[in-house]
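Chains: A, B and C, in written order; residue numbering restarts at 1 for each.
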Amino acid sequence: MVERHRGTPDIKSILRYLLLGIMGLAFTAPMIAFLLNAFARQWFFPQLLPQTWTLEAWERLLSGRSEFVQALGNSALIASVVTLVALILGLPAARVMGLYRFRGKRVIEFLLLLPAVVPPLAVSMGLTVNFLRWGLAGTWVGVALVHLVPVLPYVVLILSGTFASYDVSHEAQARSLGAKPLAVFRYITLPMIFPGVVVAGLFAFLISWSQYLLTLLVGGGRVMTLPILLFSSASGSNNTTIAVQALMFTAPTLLLLLFTSRVLSRNALTGLARL
Amino acid sequence: MSSESNPSRWHIAILLAPAVIVLLVLFGGGLIYSLLQSLGWQPLIGQTRLSLDAYTNLLFSPDYAEVFWSGLAFSLWVSGLSTVISAILAVAIALLIYQTARGIRLWTFLFQFNLPVPHLVAAVGMLFLLSQSGLISRGTVALGLTSTPADFPILVRDTAGLGIIIAYVWKETPFIGVIVLGVLRSMSDSYDPAARNLGANGWQRFRYILLPLITPSLLSSSLIVFAFTFGAYEIPALLGVRFPRGLPVTALRLFTDADLNARSEAMALSLLITLMTSLVIVVYLWLRGIAERLT
Amino acid sequence: MKHLRHLVIVTLLLLTMGNAWAQDETAEAPFETPPGFASWDDVLQQAKGTTVNWYMWGGSDAINAFVDDFYGTVLQDEYGITLNRVPVADTVDAINLVLSEAEAGKTEGGSVDMIWINGENFFTLRQADLLYGPWAQTIPNSTLVDWESPAVAFDFGVPVEGYESPWSSAQLHFIYDSSRMSAEDLPHNYDELTAWIAAHPGRFTYIAPGPGGYMGTRFVKQVLYHVSGGDEQWNGEWNPTLYAEWSPKLWDYLNAWKPNLWRSGETYPANENELAQLFANGEVDFAMTQATAGAGPYIAAGLIPETSRAFTFEQYSIGDYNYVAIMKNAPNKAASLVLANLLLRPDRQAGHIRPETGFGLGYAIDINRVSDDDRAMLQKAFADLGDGAADPAALSAAFAPDMAPESQSIIEADWEANVLRK
């Protein structure tokens, strides 16, 4: 280890911490801007701080009849359902992709990866008309179905990363001791893949939560979610409303990340690196 | 890897089926219907003959060609530059954090702070910060550097797509960076101190140890960023201008045009975008295949 | 009372201007009840307990809150109807949804009940035969509307024929900041504006014509009226020859402004809210509005400084009515009819003109047709508009009608090709 003199700050480390500080500021600046705007009224150039502070935007948005509350409810409902369904559908597929080699695996890999990275444009345009015919358009169920398209691949990807470093022999041992398959899953498999499941669930929730185009086209304006609301507000000009909506839209995902950050740092990076 | 022999093909198929079927129906079905409509199949208007008109219109007709080619150039420019800048910044910051002694948890936290921030919010944030009458401009006024909004450079809603690029860089740098940081941490513990002990200096360590280690993940995440930014809608819609206009924004505009005939062109454009994105994915998979065979 | 006189002048102007649209004016004998219903009571009965899905432009929070409050609560309390206001970024998005549903064969139980609509959007749906009706003259409050006036009975020259009912009236004019400029320095016609732009580079811009930029298209049409020396020749059916003759001069006129426009004319605000924001932050010196209450609604919403005032040029200020229409596949026609009727109720009309609502558009009912008490209420509301409003006399003097519906998409596309992309 190179020895450092304690107490004498050298230029290099000052520069280093300065750069890191700027980095930190750069990545948090928009949130700060939102926080300031959310409580401002009549905040015009070149005032650095709002001349009047107000809570009126919060009161309006959080009141019972506001469409914001409706949007929040829809977003939460859809994201939760999508997460659950994606996990159920994706877990078995991820197990296969992570553990086994088989002919045609490359093709399946391609099929599973494509919906995650391909832009939602063509798919959602194509689905819109058919969903209209099947009565799914304009319903939250239709929107949740369509969200599976970008969500499912990520869930499979992350979980297959988890399974790739998973030792199946434990299952074999448990079975040889007489455990039933369900018990094996519950007491052996699940605990071992749990961190991966949390990460995959987090991603599923995040992706569904922030979908705009898919919800817009399939929901047809009848399914109001937070991104739709925010986008339409952003095209108007009341910065205070926009800021409040942006904060409320981002806060839950930030909280979720904080909550699972321990788990995230250990497994998610491996999963992400495999993308 | 598994210590038991591969289970039967049947077993594999059953486990894969739910996910694969759902994706085939929704994703595949949506794409196929899009394709049909782009080839002119619009039963409501009474057109059932297939033709490539929508595509030739897009590429060559005076109504669409200028918008298409300028949009293509614009989208490539924006995606390319965003990816390159994000990758460079990501590596730089990751290295910076990796080599820092104090406060690693804090810096890592700040670095991945904006990962869960949706792109839409990022775009709105850039508007608040970077517009000529935005927060940073007001800051420069306070510092005496500018006095009117017009003195501040045009950084958002500009014709060069600068605002879009800045927003993408802001959002994607941590995405690539956190991956690179993870690789640095998990893999170089064994190599780096050894290299240092053998007398390698910082640059040599970077060039011969760290860079090769991070290159596969760096490349793959960069490709993902390129593909994503090429086909994404929200940021160019909010931070772009009418002309030149990113391709996804044009596609949606055509789709929501009151003239239903424009639907074919809208689908055609979306499919072209999809095709180009898929090509990038193919390249990525091919590269990864090579990488896997080499290790 | 001065204001009353001006109100009468406006009404007379709308009436006389209508001669331009005089075609086959045999007013259709109104049906007694809306199609599919036995009586108005039947409508009220069927409406109770239902929801009305009203698709309207959602870009102003003030208007959104106003609609929810001003109409939503009344609908709930007095009629048992739930208002589901669905915001859209542009009315054409709602049109598109209706067209898509038709394409998918959805002839009943659609997503959309009612749309806030006029002009070419109305024309599109009429052509596609996707509107329910005729009903507009069967609702009780339709007697308060002057359906004899061609300004009401024709929308962009397209006969309404009972397929939409008016909500309010609007007229495009300008806003300036009295703390930055004095009234003497204001331009009063487009040539003076041209001189002003040259003298103040970078301080003027207009809204880009196009989706969401309805007011931009209207502004460009006003310039076209000026360049072609009059608006009367544009009345009636769309005249491609006239357009071919004058549009090159129009593009030259607008292109001549470009070097001295904000951002050198390379980009333009996409809608009036963006323009208002530029104006409020001091990037440009003029904003635009269509509200009879002028700058009032923006001021009340805290979007522009309180010293803002509205004013108009001497000529070519396009005005019209805007309407609500009911879809053929609407799931809640009864509730929609009740809402359309409510919009015309005198107390609601007197309310929506007030600047505090953020709405501030003009009346759609004829004050000569209401009861004496209501007339006093309407007059008072009009008189109380405050400093933010432009002089009503000037507005009525500058009034001009809009063009035929084909003009909308043609001008939008041509502006983009000949001005924006040049």
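Basically, a contact is a pair of C-beta atoms (placed from the backbone, for glycine too) under 8 Å apart; a residue touches a chain by one contact, two chains touch by 3 or more.
Predicted model, so just to flag it, every value in this text is computed and none were measured.
**Q** What topology does the chain contact graph adopt: line, ring, star, complete, or other?
**A** Shape = complete; every chain linked to every other.
**Q** So which one's got more C-beta contacts, A-C or B-C?
**A** The comparison resolves to A-C.
**Q** How many angstrom between the C-alpha centroids of chain B and chain A?
**A** 16
**Q** Taking each chain's centre as the mean of its CA atoms, how far is chain B from chain C in angstrom?
**A** Chain B and chain C have C-alpha centres separated by 40 Å.
**Q** Please set out, as single numbers or ranges, the residues of chain B touching at least two other chains.
**A** 133, 149, 255
**Q** Of all residues in chain A, which are in touch with two or more distinct other chains?
**A** In chain A, residues 44-45, 129-130, 231, 235 touch at least two other chains, as defined above.
**Q** In chain C, what residues contact two or more other chains?
**A** 93, 103, 270, 277, 281-283
**Q** Quick check on the complex: what are the chain B residues that touch chain A?
**A** Those in contact with chain A are residues 1-4, 6-7, 9, 12, 14-16, 18-20, 22-24, 26-27, 29-35, 37, 93, 96-97, 100, 102-103, 106-129, 133, 135, 137-139, 141-142, 149, 170, 174, 178-179, 181-183, 186, 217, 220-221, 224, 227-228, 230-234, 237-238, 248, 251-252, 255, 266-267, 270-271, 273-274, 277-278, 281-282, 285, 289.
**Q** What residues on chain C touch chain A, complex-wise?
**A** 53, 55, 58-62, 64-65, 68, 72, 85-89, 93-94, 97, 100-101, 103-106, 111, 212, 270-271, 273-274, 276-277, 280-283, 301-303, 305
**Q** List the residues on chain A that touch chain C in their complex, please.
**A** Listed in rising order, the residues of chain A that touch chain C are 41-42, 44-45, 60, 65-67, 128-130, 132-133, 137-138, 220-222, 224, 229, 231-233, 235-238, 240-241.
**Q** How about chain A: which of its residues touch chain B in the complex?
**A** So the residues of chain A touching chain B come out as 16-17, 19-20, 23-24, 26-31, 33-34, 36-37, 44-48, 88-90, 92-93, 95-97, 99-102, 106, 108-115, 117-127, 129-130, 145-146, 148-149, 152-153, 156, 164, 167-169, 172, 206, 209-210, 212-213, 217, 227, 230-231, 234-235, 239, 242-243, 246, 249-250, 253-254, 256-257, 261, 265, 269-270, 272-273, 275.
**Q** Which residues of chain C touch chain B in their complex?
**A** Touching chain B: residues 92-93, 95-96, 99, 102-103, 120-121, 124, 202, 208, 210-211, 263, 266-268, 270, 277-278, 281-283, 409, 416, 420-421 of chain C.
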